[in-house]
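Both complexes below contain subunit A, partnered by subunit B and then by subunit C.
Let's turn to the complex of A and B:
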């Protein structure tokens, strides 16, 4: 359907042809949007991993009671609608939001930072919004790791860091890769957060699709953009999961 | 640290370089419960000591304290006289083989064995040579590039052993190392571990709940119960002269008979059995005339006889089961205690005539005070 529609020249879907593809692929602006969208995904993945992996380690070392509290905190964002979470971030990141007020009062900055409608603000909020998608697969893989492996590593003379990078990280790869895939796929396509926090100044593929299909009513062009989004996300996802499989098959159930 | 010099394997001519291990008044608390309660053990260089006890007796906790994974509430651990309590596990130089071997599943056999050497900062051909040497020692020279999951249980255990030994630890800890192996393989590996330990002269602690394993591998056994060491002695002494009722019941099979001390003379007690006989036994300290006692006798230290006498008591013979070269008799005494009696199978006399039970010539029964 999507593929079919994309091969029409006019927005009334009457003249078959490659016109829309030519228009989209011939426009340097399209490439910028594609690259921006993928980079948004990559940055969000990096941020979630940087924050999420230590969190997962904390979770593993926590007492069973604390683990229950932590897992509740981790899962809670999933229980709220994306719209609610996104608007909450507007309150937090706004000119007179929590972050700016705090930084101003601490005297770290003299005037409010622009966080809304910037990529930084978007990455910050996406990091929180997508965090459960990283943590859940990661924690489920890591908690199945044999605790003796870490002890064995220490008894053989390895420092904590060596144990982390030579034993824990390689063995948690399957969970890490699965989490990254989910975060990447869902942050590149997170239309609501992208538009509400990023605004119209930051244009990503989902916004383009929405504009073309529901504002301009150029469905063939929207189809072209959708397919582009689909293909680019699939490419990155399959590349990542290939890497994951190569490093993965060592964890026993 | 020189990689090539420290080797105790290469030159078996030199004296074994074992270390002493002293555990002094060690206690470990999990919440309110005392998992280990004031344990003291002095272990000689090159000795194999088995920590033997039922599950939950604190033996594994004790091992984990020595390895540095668990912090003690009180007490000290010394290697060669120097306290190691303040050191984290990675600075203790103690080798450990886990029950599930804990091989790194994403590394080859060679990488597993090299892991400890690399962690100590060694690189290049030295490491390769050493890995090869230790894999040869455990007879896995052809398995360098295999992954652990491609090996059998016994082979995995050899790798775990090679990995622990390659860093030339001062002490070797074995946590139920044979429990996951099937029976035939277990004996082979026990012999192999014992052989390796002898050649290396390595002070070794073995945790096990299997008394046969402790008996066959260890030089001395510490029998543990509820966080305490009940007896720390040679296997033979533990078997023949158990000092507490727990040890007596935990090690081997035994018969317990009720009796009462009728007279005491020069450390020999005359005990009147409730079953109806009078026995002269060596008395433990603190037993008075008239005290109720339990007499513990191993099944092989009892014999059946057809002759009544002052030191023979009447029994009602029950089943007789041939087990290997032995015959296990079941019998019941006059006061209702059931006894197990083991005799060589070549005894020809008919059982029906032998309705008396007596101590065998070399019997060494043990007396325990009995609370009434």
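Let's turn to the complex of A and C:
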């Protein structure tokens, strides 16, 4: 359907043709939007991994009781509607929000920082919103790792860091890659968070799709943009999973 | 064990059961599309009981934005999923052009005579007016006089903007363009001026997010309608409405009967009751804060006019001219505003 609709020139879907594709691909603005969207995904993935991975390590070493508390905290964002989470971030990041008030009262800044409607603010909030998607697969893979391997590594004289990078990280790769894929796919398509926190000056593909399909009713163009989003997300996702497979092979081979 | 025959009989019964609601539907109900949020709450709380009481007709509300209603009715090709539309001027014109409405027989709307001239036409009945102007936070900034002020300090650095996605956003940007030498069909000057002050502007947001951004102090000036101002005020937000010196903008929200509607008679009753004095008066009260259109209903005092007739002096726009240009404007706004 989507592919079919994209090959019509006019918004009444009567003249077949490549007009919409030409319009989209001939416009440098489109490429900027595609790159921005993908970069948003990459940044979010990096941020979630940087925070999520140590968190997963802490989880593994924690006592069973603490583990229960941690897993509750990790899953909690999933129990709230994305709209609620997103609007909560407005309260946190706003000009008179929690972060700015705190920093101003501590005297670190004199003018409120601009966090809402910036890519930084968006990445911060997406990191929290998408965190469970990374942590759940990661923890399930890591908790199945044999603790003896780490002890063996230590017994053979490896430092803790060396053990982490030579043993734990490679073995947890399947979970990490699965988590990254989920976070990437979900953050690049997170229309609500992107528009509410990022504002409409940060333009990503989902916003274009929404505008074209529901505001101006140019369904063929919306189909073109949707397919572009689908293809670009799939490309990155398959590249990531290829990397994941390769590193898996590296460990076993 | 179930035989195949039993299974089939069961499946048929189940399938048959799914038709039951539609039989009930045919007896005494009307399916009306309604905007999600305040409109849905208000219609559920006020219109549905009134309709039930007077005509014993059940009101089935389907929460859909104007553009979604048009999209659904278009996709349904002659068998609309609801009997009545509620639309703003832009989508209304689209729907007329696509032939989605039945013509209205005014004899069946007894309250039509209570509505000011210009609210009723062959396609629908205006049941609510929106008045758009500038809202500001009186504790943070002085009152702006008009659209031009929004582009100068102290207002510009506290300004919250939305684009052409909504009716109120579009008409406000048109008025801004007019102040800088543009017109209803030429919004270029507004974009040029916006571009100049863009780094200073506090927020460029999604229309639905604007009230929260204002409430959170992210912006202290924005263009919006009186209903939003009254609602925010009701929640204790410091907000005041200003009628710009070039005039407040007004547009109507209209009810329409869908072509191919299943319950046309009930749809008339529904429209009639919404236009009636009781419902209009109840809708005017907080927390709904609608602007009434029935002449018998007194106007709330926060409105920038004393009578409905005064609204004929407010700025109106020709959506037949705007609609074809809007797609281009949205695209342009994206590009000019993008970081």
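Assorted remarks:
Heads up, the rule we're going with is that the second predicted complex is superposed on the first by the 248 of 253 C-alpha atoms of A that agree within 3 Å, B and C clash if a C-alpha of one lies under 4 Å from a C-alpha of the other, contacts with A are read in each partner's own complex, and residues count from 1 in each chain.
We adopt the following convention: a residue touches a chain if its C-beta (ideal position, glycine included) is under 8 Å from a C-beta of that chain, and two chains touch if they have at least 3 such contacts.
Small disclaimer: the values here were computed from a predicted structure and weren't measured.
On the superposed subunit A, the two partners subunit B and subunit C both fit, without a clash.
Touch counts on subunit A: comparing subunit C and subunit B, the chain ahead is C. In the overlay built on the shared chain, the residue A:201 is in contact with subunit C alone; subunit B does not reach it.
In the superposed pair of complexes, A:171 makes contact with subunit B only, with no contact to subunit C. Using the contact criterion defined above for the overlaid structures, shared-chain residue A:104 touches neither subunit B nor subunit C, since it reaches no partner. In the superposition on chain A, contact of A:95 is made with subunit C only, not with subunit B. Of the two partner chains placed around the shared chain by superposition, neither subunit B nor subunit C is touched by A:46.
With both structures placed on the common chain, the touch criterion links A:152 to subunit B but leaves subunit C unconnected. In the superposed model, A:87 lies in contact with subunit C only, and not with subunit B.
Fitting both structures onto chain A leaves subunit B and subunit C with a minimum C-alpha separation of 45 Å. The interface of subunit A with subunit B does not overlap its interface with subunit C at any residue. Residues of subunit C touching subunit A in their complex: 65, 67-68, 70-71, 94, 162-165, 202-206, 208-209, 212-213, 216-218, 326-327, 330, 334-335, 337-339. The touching residues of subunit B, when paired with subunit A in their complex, are 67-69, 88-96, 98, 100, 102, 104-106, 115-116, 119-120, 147, 149, 163-164, 167. Within the complex formed with subunit C, the subunit A residues making contact are 29, 32-33, 87, 90-91, 94-97, 116-117, 119, 195-196, 199-203, 208, 211, 213-218. Within the complex, the subunit A residues that touch subunit B are 146, 148-149, 151-159, 162, 166-167, 170-171, 247, 250-252.
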